[in-house]
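All remarks here apply to the structure that follows.
First chain written, first letter: the chains are A, B, C and D, and each begins at residue 1.
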Amino acid sequence: MSDNGPVQIRCPVLNVRRVDAYVAITVVAPGIAERFRSGQFVSVGVGGDHSSTLLRRPFAVHDVKPDYGGTVEFLFSVKGTGTAWLAERRARDLLDLVGPLGRPFPLPRDPVNCVLVGGGSGAAPLFPLAQSLRRRGCRVDFVLGAASADGVLNAITARRLAETATFATDDGSFGTRGRVTDVLDKVVREGRSDAVYACGPMPMLRSVTAVAESHGLPVQVSVEETMACGTGICMTCVIPVVGGDGVTRMVRSCVDGPVLRGEQVRFDDVGSIPFDALGAPGWKGAGRRGVEQDRDIA
Amino acid sequence: MSDNGPVQIRCPVLNVRRVDAYVAITVVAPGIAERFRSGQFVSVGVGGDHSSTLLRRPFAVHDVKPDYGGTVEFLFSVKGTGTAWLAERRARDLLDLVGPLGRPFPLPRDPVNCVLVGGGSGAAPLFPLAQSLRRRGCRVDFVLGAASADGVLNAITARRLAETATFATDDGSFGTRGRVTDVLDKVVREGRSDAVYACGPMPMLRSVTAVAESHGLPVQVSVEETMACGTGICMTCVIPVVGGDGVTRMVRSCVDGPVLRGEQVRFDDVGSIPFDALGAPGWKGAGRRGVEQDRDIA
Amino acid sequence: MNATLRTRVGALELPNPVVTAAGCAGAGRELAQFFDIASLGAVTTKSVMLEPHAGRPAPRMAETPSGMLSTTGMQGPGLEVLLQRDLPWLRSRGGRAIVSVAGAGVGEFGELARRLSEAEGVSAVEVNLSCPDPESSSGRTFADDPDRAEQVVGTVRSQARSELPVLAKLAGDVPDVVELAGACVDAGADGLSMINTLRGMAVDTRTLRPAVAGGLGGLSGPAVRPIAVGCVYRVHEALPEVPIIGMGGVRTGEDVLEFMAAGASAAAVGTANFSDPSAGARVLREFTEAMEDRGFTRAADLVGAAHRTGPRG
Amino acid sequence: MNATLRTRVGALELPNPVVTAAGCAGAGRELAQFFDIASLGAVTTKSVMLEPHAGRPAPRMAETPSGMLSTTGMQGPGLEVLLQRDLPWLRSRGGRAIVSVAGAGVGEFGELARRLSEAEGVSAVEVNLSCPDPESSSGRTFADDPDRAEQVVGTVRSQARSELPVLAKLAGDVPDVVELAGACVDAGADGLSMINTLRGMAVDTRTLRPAVAGGLGGLSGPAVRPIAVGCVYRVHEALPEVPIIGMGGVRTGEDVLEFMAAGASAAAVGTANFSDPSAGARVLREFTEAMEDRGFTRAADLVGAAHRTGPRG
């Protein structure tokens, strides 16, 4: 119905393979591939028509290729019912995908230096991002972390794509022992970074944002909140974000995100409604300013 | 837990094939095969662990073989969600079966003449019955009916097993045009039948029972009522049946049936509670007779 | 669009019986990326309050067997944005709007009705009675008390333009839905929408914490359909003249058939929009086929069909 | 059996928290073909009436998304058969019986309690409040009216032997389950069982007839679990000292964990027995593993765990 909005398609599975600790599924999905911009995600129906699991599962797009008119790859670790079902899919099975969804990573106009920080499967969307940045002549440095070695996604590709690739694992089984933020400061300094991109668990995004801010760098974070629809109609995926006008709004991470400006996310208030948020009990003082602005969101 | 009661097993599918208009599934299920007596059924879990279709589907056992320690075959036409899912199974898939369930066909002590009347997939349990009867030296005559030719199950096997095999289809595409009961009278007379066995839709069972009664023959009918459990605990599968004591009870067709004595089934009252049934508003007059007797059912 | 699909919910005429449920389709804009929103009977907009409302903290949803729990807590930018942004957009696309209203109290319901009566592009007002009643100490909603529901509906009816159809949206977890329905009709409701989400809860068995913030949420999806169909059946039996929009777990065209046979004149697609953004168009297509397959030539003839035949009758 | 699994429902001590739900396990005999019935915490027997009862016409059941509708209408052979056939059998197998009672009126509830007090092998009496109240003109049940529920429970309590625990079985489709719970506790209930099936309906979309005879049926199975867990959570919050047996959609050991975290001291397996005759034993095994996996050494420590941690808290 629309040229750059998302589409819904039944896509044949091209292949299912293991990538480190993850399962990667590639589907033939030209409509999604052609619209995709890095940072966007797809949502996948799981369990078949008579499944008791109604909701789609959101996954970042990890790779897009021109083969067969356009393929899309996403990867995941098996967590619950939906991912367990997906891991059992085989070539030629059909999957119901909606995508591309969400706000992509904004790309710099100029060939600046970018550091890309990923935790666990959160590294997935950083690979197409790295490629886009490289095409624009940006310098890319990777910082990837995970609980242990097999959770570090695509270390080799990261080394190939980036100027430097630094790794950190909780158990020290690969790279530095510790968190990505333990090494980030050094990478930013040595790479003379101009911008930071991050994707991973919320506490990591918060620390990365703090490091970026300490260097005065803009930071784009990709958040994960539970999502019932992924298309912006259910209002279940909200995160408190301060707008340019200083007003905090509960924004939908599926359409206003998943990529948000790190310094605008009220990390301390995730999982609550800040007292002064638009429409919260303490908001009145802010006058009607927020309402006017609000018209432009959505 | 018990030697001749039902068991629950996860059985590998040996094969799935078409038999006339039906899908036949053979599973390896030694515990069920060894306990099986003709007329009994199995109940099959459908849709997998996370399916929204909770309930098992009951199917008559169509064949039991000693291969692989014991195999069980059932067959069905695709009707709704569960049978559609079953039709998609492939060799080596696992199915969760409970069986053998229900009251089997009682076999005559002596080598008498039996006529077996089946409608559509209702013919399925008559084939193992025919074999058992033949082993006892009984004469077997088959009367099989269906809407049209491809619904007539195993015509060739019927001809092989039986002295005579007579067919009737609603559209006349195979055998006589009409109902099985149109030809039954002649078969009973010519085969000098001593007993009648029938399985098929309720209106057919009722007509067959009427024909049998007109000849003064005992008739065993296998009924189909919707069943939630198949094991006797839910009380959803009841049919009004007159006991030897003259008292009508709502009996569980899964454990007290599916095979019942035709002349005891109150066909006119199926789908209602007869006024004089045990515990119905009009029952009081019958005194406490029924209660005493009732202790022996179950 | 097929003339035989037409249906009426009192004075509200719809080109077909498939509408969206409040809070499950925004104001149509997002779903319009997937199909022509004007092809639906109507779009019911998310319950609007007078002022902006921040709603409840996250996590706001959890999946349950054949259903989901949600607690959005009426988040929304308020009436102004609906009037200035959403309704004009929907009109520009040729869509029809049933506007759901949620008052913080009886008075606010009246004010919403009054202001919507002056607006263009409002086909009907739907009164969300599952809002907490500020006068109840134990957290009851207006729907929990037929007298309070009657007051709300009466106020909306008196404040709304007289030609504007007013629908009362009922809850399904009340002891006597027929009593609640009767109270709303007495207060002037032109039709009834039923049912809203049911109070429920899930515990995350990994963390042993409530799966949605605040503990309780609203249960929706196919899991609740039998409860919803039961409510429609009972109300239609008691009040056969009162038009009903049925909802609760509609996922396919057959489900619309089921609601209509139980007594609804239209049915709304709610949670199914989340799992299938094309659901609206698909359900309408499936419904049309299912209806023709059953030999019906006019959708309206289906209304209450299950009341005219006994079981195995 | 693992000592750490012990749980108490008031004076009722159980070796473990997994019991069967009334009407979903007969008196244990059929399920004993599949597993050792004495391994369960207890067997709750099908609601018994004084006299034989024929129940409702067939079709009595219909499958619904993640659930089923049923209308057995209390079919059973009456108290005599339970006392002379079923309870002795269950005792002989070493099983414990919670006997569910269904009175045609308040007096009959009392009579049932009195006679069961004289019987051997009754661990507790469960009062099924979802029986139609003969004094209600609109077909309400005792559970629909807290005052009537209080009368029934009070009568049972006064007629039962004083050491015999009396449990009140609550409905989940009432406006205020806490109010109902409070009324039953005030009347002397030692514990609460919740919830019974919810009123619902399905239409067969092929025939357009109600799928179960009589139209309405009772909805059970995983579909209703969020509603049941929500009821347990709210009642435990309001009445933390009152022991609860939770039920509604228990299918796995994790579901038992969920009910206990919400506030139940035990959980009952109902509809799952139909789809899996080994469910009782399996659920107990899974529960034991899940509990140990979460680092709990005593089942009783789980009770109300979800109240002690906020979401993400």
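In this text, a contact is a pair of C-beta atoms (placed from the backbone, for glycine too) under 8 Å apart; a residue touches a chain by one contact, two chains touch by 3 or more.
The structure displayed is predicted, hence computed values, not measured ones.
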Subunit D and subunit B - chains in contact with each: A, C
Maximum centroid distance from subunit C, chain identifier (CA atoms): B
Separation of subunit B from subunit C, taking each centre as the mean of its C-alpha atoms, in whole Å: 46
Distance from the mean Cα position of subunit B to that of subunit A, given in whole angstrom: 57
Centre distance in Å when subunit C and subunit D are each reduced to the mean of their C-alpha atoms: 33
Residues of subunit D whose C-beta touches two or more other chains: 57, 59, 65-67, 213, 221-222, 311-312
Junction residues of subunit B, two or more chains touched: 52-53, 271
Contact graph of the chains (line, ring, star, complete, other): complete
Touch list for subunit B against partner subunit C, complex: 52, 271
Contact footprint of subunit D on subunit B as seen in their complex: 1-2, 5-8, 45, 52-56, 96, 98, 225-229, 231-239, 250, 255, 270-273, 277-280, 283, 290-291, 294-295, 298
Residues of subunit D that touch subunit C when the two form their complex: 57, 59, 64-67, 69, 138, 140, 144, 172-176, 178, 198-203, 205, 207-217, 219, 221-227, 229-230, 233-234, 249, 254, 257-258, 261-262, 290, 294, 302, 305-306, 309-313
List of subunit D residues in touch with subunit B within their complex: 23-26, 29-36, 46, 51-63, 65-68, 70, 72, 75-78, 80-81, 84-85, 213, 221-222, 271, 273-278
For the subunit D and subunit A complex, residues of the former touching the latter: 65-66, 222, 311-312
